[in-house]
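Following: one structure in structure tokens, then a few remarks.
Letters A, B, C, D and E name the chains as they come in the text, with residue numbers starting at 1 for each one.
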């Protein structure tokens, strides 16, 4: 009996999170368009609803109603599965994110590890999409993406080791609790910088948006996609932004922990910090040009990799000597 | 609790599927993939044993197996790429240099 | 401080890593890095020595980690600090450091500069391991390490054919000795069940005399190779092909004395087998006089030194052989000072002459009159020469004549006689070298003359340091009371040889006599006689050299004409290399050729013969076959063909076929398990 | 029994292509080829091994049209050559024809022509900067540039009633004088614009990523540039101080003070700097034109039927992209006997192969951007 | 419950693997193998090897298999699909494999494994599997661990040398 009740509760939670997240992700696109528009001194979407507030819904409806084109020479099965393969891992990750001290779907011992593992699967969707499209631009985009995500996953993984060493746990809740005094960003500024850069690359954001660099590779791996499948890629991208922002907030900015005496519920703190992180993501997109493929790899392997290694070593040394 | 035999049986089945793949396919990549499957079947038995006797040695060995698998993949694929580049070959049964 | 003994080899190791791995980056700083590392090592050594000398002394083992555990054999990497190793450490680290500094100047501008210092530091590391080891295996590691470095450094200028040949020669000759050494180690382990000094020496008194003698002789074979004793000395003169600092450090001061150190270290075993000691004494004495006599006529400045080194090593082994272990070590120390100095001085001269034609740079016949040009070098070399000749109060007098006294009083009169004769020759040839090089008219090639000037400070300062040590290095530790402080200090590390009482007494008497002589009193007729004889021998040798090479310069040529055979014999080093070539190398070649011929003629002949027979037989039988059993033959061929068709598939060259067979093998194995 | 899919069975797999090369058609419909340029790239991984331009997708036979219509009627056709900087094309044509006639043009007309030509230079460079930055991924610069370009186009509208294909000048001068509002707005723009250039530069000039993407990319030496007869900012980016406004002055340029900026390394970054500086210099020229603008008529006497003397003439001006010239042969009738256009983009595009070989795909995009082509004039 | 999940995962693994070895298109095969690995990760969680499950996904699925896909795309296998897929010895090999399977079945049927022990920890507890594994890995198996790292280094160098086009200097 107990199992059934638990299952039902879990399902409800999943439904809530999934619904909210989908909506939030959809509105993230609106947010990005608005913020970038204002940075570029224009207004952005204004027509649909008050200040264009219904724009994402209109977009969704449009994409949903659009003709779904599958290129003739494409590998049909893989072509259809690819966007799903991108979207699903991006959403699965939400199952272990701690939105507040009480609200989460599940708590896993290997929380952060789980996030890393599952988000590493996203690259499959991209590679599949690029290959299945049977187009050279898509293939090039997919190859770039595979190399890029494979490399930067390493830095992402190594950069979080520092905070994890301080927290002494992989459990997301425990990590947050470990920061009740000082946020880890103050102990681990180096790790945060590397994490942030790797996160940009991992989510294919400017200045690392090579896989979909539209002025070089048309639209990269999703050149041939349209309609809802195209929307999936976009949803996945924004969902990943949310995820890495959440991880950043959890690992470096104390998660749902508040600042000092300000009496706000943990969830609000969480949302505030998340919002700030996401704003930075968007801000960067509006500011920076794009790296070249070889420069990206050089930056990763020759600069960031030694940096994270040094960080881990230093953290270990300090922890060994003084703690 | 799942009996150990189940793990072993599953491992054996996967091993044999993998072995059959290695022996029967011509495409070199397919052979490598089948080898990965065989390695994983071993992992399953390791984990099963670890589960049975509450001994982490099995899991540790599974990690080592994964490390070996990574090496195997890297070197194997490198060989394939150079083979493919230099001789435009993809099928193992066309390569019989060991004969000489 | 003693706890930190492991730091001593660590610094050279760091130097090796820095210079070896980053050589191209370090470049001109390599010498400074290496010298710094050697200096740091020396600092630690000095700290330890201070504690050992001023403190209670004793024997300390500094464990580092367990190296090998195989059955009952357990070898640890741990360091032994006792009086003997302290003396050796002082010599190795001290002279080593000085020579490192000297090399900065000497090797400046050489394309292999970082490589040189890498090797030099590697040598320091190995040598320190050798003297600090607390067991034979670790010592063997160091032993081999120094051999390797010696090879690398002799052949440092590998583009020169003679240098690389000399390196190979040194390495191969050393291997012969090492084989003996290794056998000795096996024997030690078999007989005592351990390789650590402490346990071996504990078990040593229980060893039977023949066993101890066998061990001793085997180990001494190793020492012969490393320390260049008859008959394995041939590599050392050739080793002078290496850079001069190397000759000074490795082939005069430290590495070649490893054999002496090893014998001294193993003295508890040696005293159980007196036969070995007798052999050592005789070999040492023969080596001493033999090579001293070769040194009399050599013209290459470094070769004179080389034969002198061999000769002095002979003296040290003489000391070991007659049981005067402490005296041998004492001489080892003083020899390191003055022979190192001689080499460095020679290097300084060669350095000054590097504008002369290559063949003349080291040839004393093309030198002369350098005294005014290079005063520091000259005076340092004179100090060294006096020390080597054994003129009191220079260092050599105290140690060498102690050895002779030891030989005399322990009853080895033959050995003593040979030694005294060798001492006379020593005094002669070293001053012959001084006179030919620095006195008389200048015979240097004309356009090289203006380039002759005193070496830079980085080279002369080491010379001065060593000169000071050559002056005081003997009198300070060797001066009475008793037989000298060094004897007391070393006593705990060394065993007492049979008849040691007489020997010690004799040495003590001689020392006392010397003291008395200095004070104008009188003690022990024999002692005084010995001292007088020794001084007379030294001065006589010098006087003879002076007469022949300064006063009557035609004398050498005259002598040469009168005894042409002897002169040529000496000049050609008794034709030893040729004899080895004829007696050892040639026979081996001939054996090879004989075996080859045997193979060609007998084996192939047999084969060819049988095939010839077969051909005839088959011709006959062919007729038979064709007529009668054609069908049978064809049938056989068919069968063979069938099987080979079958077996052909086994080697298809296809991986998957092989894998399939593997799977079948697994299948069979499981079957065996299942139906067993 | 296991040999399935045997219908197209091939025993040897030697037909399997290797990993060697990938041939990519960049364009004619590609976001960063700036029109309908088709570049055929042979790639090894991402490295460009070969690069071929396929042009002509926008060919309209402009030269041939010129032989069949009168000299005045041809002016709107020049709008469609370099449509990004239409007044410059107009200027080239009218000055060439006036040289054929040997007419004297009133000073006020010269000044207004110069003013408008410099506006067209700014407009062209703004579009170039916008798209070039976007090619390299900086999207904000794109929109900022368009903001200012909008102002320039508004000015054209005030003066000539059209924004893009303005048909600005007439043979012998202008169709009519410009309104005062145009001059006021021009002054306003000229005061505002230098600050805006500073804005673009804050986003790009010292941006590490921008530097990495442009420095040392697409390098061409001065000698090579001259050999390939490249002109305009590419030539100047390689360090050759060649500007027709200075070398063979026309219109009001002899009376104006401006600097011809040159680069040093001849890479994409230097071309960028050169163009940015040219925009500044253009603003200076505009300021001077507005200050010195003389009073008087804007046109000389022009006969109703324009019949030039028989003969031939070549005249070129410094278009934003380079040397833009017309070679006209007249047989004395109302229509030219032959019109030949010397288009800068076409010639400059010839250097693409030299610039792009050995680079990466992403560099090709940056290089095409830095050549600054417009296909209308390239394909004619 | 646990058994049910085991069967679910086992069925998934076996199904995916069977499909994998029979695909003509290598990309499909690789993707199916990824699927099998994901099921395997679930199986590992079931068996109390959470960390291993993570590693399985992160390294195997997310790393090694991406490498495969990458290489396959580099090699352009489009043509390979149209080639004959099966080796000449297929029938024999299949027979041998099936026979071996039967034997293994017989061996497993004998049973006889010592009794089970319980874990010292449960799912979701601390200190959990990760801590315990880390403890063992860095103490008892430190040496093999380091050896494995050397092995990886060697493989990396080997792979680079093999796949590098030519050494230009």
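We take it that a contact is a pair of C-beta atoms (placed from the backbone, for glycine too) under 8 Å apart; a residue touches a chain by one contact, two chains touch by 3 or more.
Please read all numbers here as calculations on a predicted model, not as lab measurements.
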Both-way neighbours, i.e. chains that touch subunit E and touch subunit C: B
Pair with more cross-chain C-beta pairs in contact, given B-E and A-D: B-E
Most distant chain from subunit D, judged by the mean position of its C-alpha atoms: C
Centre distance in Å when subunit B and subunit C are each reduced to the mean of their C-alpha atoms: 56
Gap in Å, rounded to a whole number, between the CA centres of subunit D and subunit C: 82
Euclidean distance of C-alpha centroids - subunit D vs subunit E, Å: 59
Residues within subunit D bordering two or more other chains: 2, 13, 15-19
Residue list for subunit B, restricted to those that touch at least two other chains: 19, 23-24, 81, 84-85, 90-93
Residues of subunit A whose C-beta touches two or more other chains: none
Residues of subunit B touching subunit C in the complex: 19, 22-23, 31, 92-93, 95-100
Residues of subunit A touching subunit E in the complex: 3, 75, 77-78, 81, 107-110, 113-114, 116-118, 120-121, 123-124, 127-128, 130-131, 139, 142-143, 146-147, 149-150, 153, 157, 169-171, 174
Residue ranges of subunit E in contact with subunit B within the complex: 2-3, 6, 10, 13-14, 17-18, 20-21, 23, 26, 29-30, 33, 36-37, 40, 43-44, 46-49, 51-52, 55-56, 59-60, 63-64, 67-68, 71-72, 74-75, 77, 80, 83-90, 93-94, 96-98, 100-101, 104-105, 108, 111, 113-114, 116-120, 129, 132-133, 136-137, 140-141, 144, 148, 151-152, 154-156, 158-163, 165
Contacting residues of subunit C [partner subunit E, same complex]: 656-657, 660, 663-664, 666-667, 670-671, 673-674
Residues of subunit C touching subunit B in the complex: 651-656, 658-660, 663
